[in-house]
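See the structures that follow.
The same chain A turns up in both complexes below, where it pairs with chain B and then with chain C.
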Partner chain A sequence: MIRMIGNRRYRNAALQLVFVAFIITIVIVGVTTTRHNLQVQGVSMGWDFLHYSTGSTISFSLIDYDINSTFARALLVGFVNTIFLGVISVSLAVILGTIIGTARLSKHKLVNLMGATYVQVFRNIPLILQAFFWYSLIAHLPSPRSAIALPGSIYIANRGISFPWLNVEPWHVVLAAAFLVAGIILTVSSLRRTARSTALVWLAAGLICAAVALAMGRLDGLPLVDLPRAKGLRFVGGATMVPELSAAIVAISLFGAAYVAEIVRAGFLAIPTGLTEAAYALGLRNWDTFWRIRLPLMIRKILPTMTNQIIWLMKATTIGIAIGFSDYFGVIANSINHSGQTLTLIFLLIIGFWAINMSIAFVMNAINRSIALPGHKK
Partner chain B sequence: MKAETTLTDIELPPTQQAKFIPDLRRDYFSTTGRSLVTLVCLALIAYLVWSFIDWALLRSVWAGTPEDCHKASGACWAVVTDRYRLILFGLYPYEEQWRSALACLAILATVVLSCIPLFWSARLLPIIWLAGYGTFYYLMKGGIFGLPIILETQWGGLALTTFVFSSTFVIGMPLAIILALLRRSKLPVISSLTALFIDGVRSLPLLSILFTAAIILPFALPDFLVGDKLYRVILGSALFFAVYQAEILRSGIQSLPAGQEEAAAALGLNYWQTISRIILPQAFRLALPPTINQVVIAFMETSLIVILGFFEVTASGNAAFTAGGWNSFFAEVYFFVALIYFTFTFSLSRYGAYLERSLKVSSR
Partner chain C sequence: MKNYLKLAIAVASLTGAACQIAAATPGDTLKAVQARGYLNCTSSDGNFEGFAEVDAQGKWHGLDIDYCRAIATAIFGSDEKLKLIPVSWAQRFPALQSGDLDLVVKATGWLFSRDTELGLQFSMPYFIGVTTFMAHKDLNAKSLADLQGGTVCIAGGTSTEKLVSDYIKTNKYDVKVVTFEKNTEAAAAYFANRCDAYSEWGPIVAATRATSADPDNHVILSDSISLEPESITVRQGDDSWVDLVNWVIAAQRVAEENGVTSANVDQMKANPPNTVVGKLLGATPGFGARLGLKDDWGYNVIKKFGNAEEMYNRNFGTGSRYKLPRALNSPWNKGGVFFAPVLD
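Up next is the complex of A and B:
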């Protein structure tokens, strides 16, 4: 016996066994206690509840949802909302952050100073406080009757942001957007290999496909573009982004931009000065050096960090619940209150976020592979 | 024009020429585009600074009632001067609020002390933190030595934020060390299970972990383990801090040269001696800048507990303007709360940046 304890192999095996036994005990105690507690409350675990109707409303939904819809439908609404909020905020954060990060490198001290101030202010204040601020700000805006009018029939009022929209079937809009994005991606990726005129064919093809998709989905007897008009206490026509969504988008994209700016700046600084100097020595101008040498190298450098940042921002969309936006987490929390299906719903929450993280990592890694320079490490 | 060159005509190297105006012209007005950028920037900065001064100082009201504020068009700091004790201390009994203030100062002093390299030792740092944390807890809770007892349910405002933050750090840091060591373990089952756990927690939003801890854990725990909601949330927050911090420490450990561990083994040090005297001190030093960054994030993320119904500083800020007719002066209150967060996080992150530079220099 003593020899066995002294033997490293036996000791290691025993240690690992104890560790596994410890974890299994915790899990079993947790699951059985939950089962027991739920049974006391008269809730039986399972997936049946997904077909019951929720009996509650959701403030913002991209797909059809009403008080009689099922829990499964509510979860889908939440998931789509999370993706919608995430994609818009992350895209805005990346665009704004890249501009600010580039400004931070300017030799022009005033530009640099403004970028630095932006980053420090937005990075050092909690996101939830910023979200509260934007939400209160929108709530204190004038009513639709005296809304702030921006060029292009965009109105900002305490009922949200209203803007012109197309009188087209929603799915056709999604299809058209997909064609446009595909066209742009193909144009950019073929610019590296072929002449500019050939690459533009892709752009034209994307535009034409998008236009056809929109034309096919037009609603009968209505003009193509629907302008918002103030009518009493709200806007009719066009599309309106509710205050919860507007505040969440503004808060997350401004906050995220500060972090993205720092990543972009670090990426530019990591480019060896020799490469930039070589570009100047070859006679490239400032703009060409930036556009053809520094920007592409910077993007390659920052992709792994950027992946983590984007995943982090997607998770940050959960603060929407603080200002009443029903994202995936918000719907899960609400469903737990209404159905009592604690374990099942927590499991769905984990699966949902795991799927989002994995898809982001997958897409970003694919981009990383496709733009990697042959013969270059990372 | 003279053909010959005299000594004074030869241009001195640029560093010796302290010419302000030509430098200014070269840097800001050398081309049309550059001049335009300069002018636009100047105009924008001047506009922003002036509107802020005008709003915050010139047209502001510093004391009075909501009616006084509505008459003036500037900032209504009266809401802050009137309600600052609510924002800072929440519903803590009014005549005992000096204790909350002292307690927050104790934690502030602890953070400042642990930023001084003199105290960076494996023995001193835990002592400082336990002393500071103990002082905080005693001052807030009371119960002995003549201080009346005040329960956690009455804690609020900045004091509650400080409590959640310091508890997260005090519990999370040792937990992070344990997790990092378990993940580095040579035993495959232990290291892979820990890795699974760390990556699993990291893929979830903090809010969902806090929510699970506050609302769902009571279902899963035997009754004697349930405890107070506040402490469950603190445990959740500490766990989240720990998984991120464990990865920071692990990268610190991995960037140490393998020779360090081998030399320790050659000297006959056992596992614990190697870890506590050779590996961890050096890993901490390497991981210091990202650690400070993580601490800053942890401090800001304590504000999430407002969603779970805790009365921390963001919530007490909300309460300060939603009652008593101050409703339209949310911006002033949020500005005040943001300033508190900003002062702490900005100075700490500047310190982290300074440390990163000096560490780079010293390791060269």
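Up next is the complex of A and C:
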């Protein structure tokens, strides 16, 4: 026995075992104590409430929902809303941030200054204040009766931005968009290896698949394009982006872009000047040096940091609750209030965000591995 | 080996400590409060007009706050022995269940789901009101039916939200509901023109309108939805604690019935006009002991907070900036619905 303790390998294994046992004990004691206390207080805890109807409304929903829907359905609405808000704001933040980050390295003084000012302003004001600012700005737009009309039947009012939309099943729209994106990605990636005409075949294929998807999802007896028109106190027809969603998207993407810009700038600065000089020495022009040398290298350098930033922005979507956007967090908070199932719902909240962010990390790490330069792979 | 022993002791003591973090067993809330030396009661995470408001000095006022103070006074003889814990709507029940609060006095509606599922028990109602709507005057709306295509701003997770959603669906109105985390945010959004109407429980709508920058630009619509009784909420299973809470509410109603006010309470105690007043104010013994309190608790509460009428007037009526008529909140013999149990 004493000899075994003296042996470092046994000792380390035993310590790890004790540590794991200790953690497990704490978890078990915690869960049983909670259960016991809740039982003593007569609080019913479980998953049954998920099948009860909520009796409350959700102001923005991409899927069918009304006051007779169940809590499970409400949570799904919130989850979809969070992903929707996250995908749009994160994409915008990355695109805008890349442009601004590049601008900060420009040799033109004015461009440089504009980029720096942007970063300093948007990075140094708390996100929630920015959200409130954009939200109140939108609230001060004219009412629907005197909405700002833009060409193409787009109306901007304090009840949201109304624009023409397709009379097509929502899932078919998603499918069509996926075909389009896939077509574009395949075209771009094959441009390097094959002739331009061959590459364009991919684009054509994507377009055709998208068109078929849209045609199959058309709603019976309605025109393909649905135009918004004023009725009562708001616009009906088309699609309306509610102010809460617009404000959240604007706030998160502008705020996120400031951080992304700094990451991008750091990525460019981390490229050895020798490589750029070598490109010029080979006779590559400015654009080619940027597009073929600096940008690909920059992307490889910043991916791990960018993963962090994207996950961070995903979590920042929870500010939606402050301006009345029904994201996953907002729906959970509301459901806690209506059902009183605090622990269960907080658990679902944690699992939900964990799942979203783990998926992001998984995909980003896979991209990171697949584009890593030879010799940099681990 | 010594290290293992230490570790084992540490694990054992931590486990023991975890087991001891058990909630107070029901039945002894009063004992726990008395042993602690102060009462844990609710205040708000934002002004809820008339019920819980904070003034420029950071002092809390309002009907709910007065009930917290009155119950602390009944127990300790002084409302100093009170800790007001600001909680949001969503936090109030978990905080009560976990024992952080001894009771919830936060304009809380007596709802079936809360009563059956959450391990809560409700006192007799201390206030009732109907849910109403306020709309911008320039829309020329008389009722919600005139707001087709409009939007209503509401605080989410409240009983109001459920009632309004149900009302809109039942009547097939084309009206959208936008929910906010706090009532103040919902009202601010309405005033900023995000919504055509704002809905809350009646007294709050009236108070919000009365204290807005331009009360004349807002009208209260004719719709009045479901009456909601507000009750003080406690943990289920402590019957004597519910009794205490109920009798603090009842004492002020008994006082009103018998014409006892904060102004004449000393005189009434010295010369009780009838036996009920004598018991209520502790001139004759027996009113306190059966609740586990001192016999003069009724006197202390009335002296400081007055009777039910004074409570109302100070927070909503003539003594407040809202000047809301008492209407349904009057006793039964003055056109209202309230009454007191018999003090024998």
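Quick note on the criterion: the second predicted complex is superposed on the first by the 321 of 378 C-alpha atoms of A that agree within 3 Å, B and C clash if a C-alpha of one lies under 4 Å from a C-alpha of the other, contacts with A are read in each partner's own complex, and residues count from 1 in each chain.
In this text, a contact is a pair of C-beta atoms (placed from the backbone, for glycine too) under 8 Å apart; a residue touches a chain by one contact, two chains touch by 3 or more.
Here the structure is a predicted model, which means the values were calculated and not measured.
Asker: Given the touch rule stated above, what does A:233 touch, chain B (first), chain C (second), both, or neither?
Answerer: second
Asker: Considering only touches as defined above, state whether A:91 meets chain B (first), chain C (second), both or neither.
Answerer: In the superposition, A:91 contacts neither chain B nor chain C.
Asker: Per the contact definition in the header, classify A:143: touching chain B only (first), chain C only (second), both, or neither.
Answerer: In the superposition, A:143 touches chain C alone.
Asker: After lining up the shared chain so the two structures overlap, which partner does A:37 touch, if you call chain B first and chain C second: first, second, both or neither?
Answerer: A:37 contacts both chain B and chain C.
Asker: I'd like to know which partner A:322 touches here: chain B for first, chain C for second, both or neither.
Answerer: Both: A:322 reaches chain B and chain C.
Asker: Which partner chains sit in contact with A:29 here, chain B, chain C, both or neither? Use first/second/both/neither.
Answerer: In the superposed model, A:29 contacts both chain B and chain C.
Asker: Is A:189 touching anything from chain B or chain C once the two structures are fitted on A? First, second, both or neither.
Answerer: neither
Asker: Is A:333 in contact with chain B, with chain C, with both, or with neither (first, second, both, neither)?
Answerer: Both: A:333 reaches chain B and chain C.
Asker: Scan A:129 for contacts with chain B and chain C and give back first, second, both or neither.
Answerer: The answer is first: A:129 touches chain B but not chain C.
Asker: Name the residues of chain A shared by its contacts with chain B and its contacts with chain C.
Answerer: In chain A, positions 29-30, 33, 37-38, 136, 140, 321-322, 333, 336, 342 sit in both the chain B and chain C interfaces.
Asker: Residues of chain A touching chain B in their complex?
Answerer: 12, 15-16, 19-20, 23, 29-31, 33-34, 37-38, 107-111, 113-114, 120-121, 123-129, 132-133, 136-137, 140, 311, 315-316, 318-319, 321-322, 329, 332-333, 336, 342, 346, 349-350, 353-354, 357
Asker: Would you pull the chain A residues touching chain C in the complex into a rising list?
Answerer: Going by the criterion above, the answer is residues 2, 5, 18, 22, 25-26, 29-30, 33, 36-38, 40-44, 49, 55-59, 66-67, 136, 139-140, 143-144, 158-159, 231-234, 236, 242-244, 321-324, 326, 330, 333-334, 336-340, 342.
Asker: Give the list of chain B residues in touch with chain A in this complex.
Answerer: So the residues of chain B touching chain A come out as 27-28, 34, 37-38, 41-42, 44-45, 187-190, 193, 200, 203-208, 211-212, 215-216, 219-222, 296, 300-301, 303-304, 306-307, 314, 317-318, 328, 330-331, 334, 337-338, 341-342, 345-346, 349.
Asker: Given the complex with chain A, which residues does chain C contribute to the contact?
Answerer: 1, 4, 7, 11, 14-15, 18-19, 21-23, 25-26, 89-90, 93-94, 97, 113-114, 117-119, 139, 147-151, 153, 156-158, 161-162, 165-166, 169, 174, 176-181, 185-186, 189, 192-194, 196, 235-237
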